[in-house]
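Lettered A, B and C in written order, each chain numbered from 1.
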Amino acid sequence: MKRALDTLLLMLAGLAIWQVMHLAAPFALTSPAGTAARTWQMLASTTFWPHAAETAKAFGWALLLAVVGGLALGFSLGLNRTSAEVAEPILVSVYSLPKVTLYPLILLVFGLGVPAKIAFGTLHGIIPIAIFAMNAVRNVAGVHFKTARVMRLSRRQTLLTIVIPGALPEIVSGLRIGFSLTLLGVLIGEMFASQRGLGYLIMNAIGLHDVPTIMATILLLAIVAVSASALLLWLDRRLHHRVA
Amino acid sequence: MTRVGLIRLLVVGGFIVALELLCRTGAISPRVLLAPSDMAVRLIKLLASGKATADIVETLGNVAISLVLSVTGGFVIGALIHAVPRLRAAIDPFLASYYALPFFAFYPLFIVLFGLGRGAIVAIGFLFGVVAMIIATLNGFDRIPRVLLRTAAVHHMSPAATALLIKLPSAVPYLFTGIKLAIAYCFIGVIAAEFIMASSGLGYAISYAFNNFDNGTMYALMLFVIVLVTIVNALFYSYERRLLRRWGR
Amino acid sequence: MSTAARAIDGAARDTTGSDLHAEMRAVTRVYPGGIHALAATDLRLRRGEFYSVIGPSGCGKSTLLDVLAGLSAPTSGEILFEGRPLDGRVPEGVGVVFQEDASFAWLNVADNIVFGLRRDGVDASEIARRLDDALRLMGLVDFAKAYPAQLSGGMRQRVCIARTLVMQPRMILLDEPFGALDAQTRLIMGDELLKVWRATGATVLLITHALDEAAMLSDRIGLMSARPGRIIEELATGWPRERDSRIAADPAFGAITARLWSVLREESLKTMRQGKPS
């Protein structure tokens, strides 16, 4: 209970700081009230929802590909000790590359439009999911594998009953990060490779210097992103609690 | 070189060779991707001509400034948050969700605040990197073995002495993780910002080349960024490994 | 039973001197959430003696040490060290060795050992002299420049003991210092501890759960009950000051160990029925 109160206090403090910053630079930042009003307006308008749907669709596909691809990659690399050792620095290096540098390549391959957006999103999300999945599998204690051999489990049974449940908490951590980054990737893709979607709305509003719209869109994205993240975080904690 | 290192070299080398073959045989069109050897040649020529030097220096400067700010700012903020457990508990969920936000959309805001130019870009780089450092600092301070804090009490150490002589060295491995992430994120933030809406710097140069169908320059610059980031990471990684091996982590 | 009687009567052969070094009077410790770690506990430590506290797991042995050292405050009762009550801090002249490895991974062995001395501004020649003595006493001379990560668990504990030693404490508290080591290393370390004790003349309080350790090392042994813990019985061994682990060959050793176990077995069974402390 105290925690919830503290969080509320923190949010109020945040709102207060926001308001002060608005008063200091009224043309750069809309007030909390103004942002809320514009958000309401946008949600009620007919032009907003097609954009939101567009982003959601692209995001859905990108997330699916990132999760499936990331898990497949992570698992296959993680089950073999040598491949995991070889792959880790490579994956980590690719993770720290500014993927923006690869965007022209993606655009040249996919052209402008939805496939490119999905590709951006997938590219951002697949690596961290793979890294976390790989480490999760590696960390399934050797003694568990030995136990599986003593019980004469098949490879498939070992995977399903020992590896996956044991690796699940780490995998969920990876999914949490992959979720956020995939969304980010899709938005960046929309910001300069599309005429539709929330990323495009932001870019457009930047061009028109329509600050209320910029802030309203960010607010909506923030609410979605933070809620999803909070949900996954809760799941993450529950799982780690059970295992640890 | 270890066996694993050798395999790694072969994997990466094999990948590059495969790309080279696919490009040379025309399986991948030169309008899409240049052969790696081609990219390398163009990069050397570009660097020699000095045309890219100004952009490179600018971007490196932006990254360096935002990195220093992220690391020091992130450490101080993290240490302060850790010292106030109630604040820490309240702010934790927000820190966990931070990277889900498209906060680079605040870029226009920064332009108004700092004017067109480096200020806004450094601000974005800072925003990208600082939270990674804060989270790593919190993590590091969390994992200080309690027995070391009790040892400090036995030696009658003040809170400041404890923080400096015991907490800080003990947290160093986690701080290094934070610095590594901050390096990556500052690069990403700066170059992404330059790419999307700046008028100078490496990110801008790549975007400009792309918009003008100048694949040669574009890929040369992309190769440069990839090589640069890889080298910086590798240097830092090896320094960290030597230090941590001595400390036994 | 005559050997047991002789052991318990060993108080008559007490050679450690009779002034009181530290005292706990009716000390209780209740943790937030209502966990009674210590019931009204009394303890009297004589100057220069080697006293072990032994009890079932979770009985509050570590809490007793924490409170005695000034690392945590009692809920009620008084603690006196050298006649003065504790003031919320670890008193000067008290050294503590913990069960977990407390060596600083970022300093080499020599820097670890002199850590406390440097902070107190002791002058350099004195530091060098004490470091030398400690390295020799703990058998670490060849490892002065090594880092803790390069040493075994037993050697790291020696570093921690050395670090405590150079501060020249008048009372040394050890909280299951050898718990993380294998049984044979533990016996060797016990002998090292006796060497240190004789060389420094300090009062030593050792917390342990190992019967043989308590029986062979101590002048007196305090037995703790199951939680909430308090000292329910004290045994004197009557051992001579010049002793080591080979005292296990003395017939009295068997009687002492048997007596310890007959009391502790009861308390340990009680503890198991209590379930794991949360």
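List of remarks:
Going forward, a contact is a pair of C-beta atoms (placed from the backbone, for glycine too) under 8 Å apart; a residue touches a chain by one contact, two chains touch by 3 or more.
Owing to the predicted nature of the structure, the values given are computational and were not obtained by experimental measurement.
Fewest steps needed to get from chain B to chain C, stepping only to touching chains, is 1.
Most remote chain with respect to chain A, judged by CA-atom centres, is C. Centrality annotation: B (chain centre taken as mean Cα position, compared with the mean over all protein Cα atoms). Computed from the mean C-alpha positions, the centre of chain B lies at a distance of 49 Å from the centre of chain C. One inter-chain figure worth recording: chain A and chain B are separated by 18 Å, centre to centre, where each centre is the mean of the chain's CA atoms. Chain A and chain C have CA centres that are 53 Å apart.
On chain B, the positions that touch chain C within their shared complex are 145-148, 150-151, 153-157, 161, 166, 169-170, 172, 245-249. Interface of chain C with chain B (complex): residues 69, 71, 89-90, 92, 94-96, 98-102, 104-106, 115-116, 119, 147-150. Those residues of chain A that touch chain B in the complex are listed here as 3, 6-7, 9-10, 25, 27-29, 82, 85-86, 89-90, 92-93, 95-105, 107-109, 176-177, 179-181, 183-184, 187-188, 191-192, 199, 202, 206, 209, 211, 214, 217-218, 221-222, 225-226, 228-230, 233.
In the complex of the two chains, the chain B residues touching chain A come out as 4, 7-8, 11-12, 31-33, 86-87, 89-91, 93-94, 96-97, 99-103, 105-109, 112-113, 180-181, 183-184, 187-188, 191-192, 195-197, 203, 206-207, 210, 218, 222, 225-226, 229-230, 233-234, 237.
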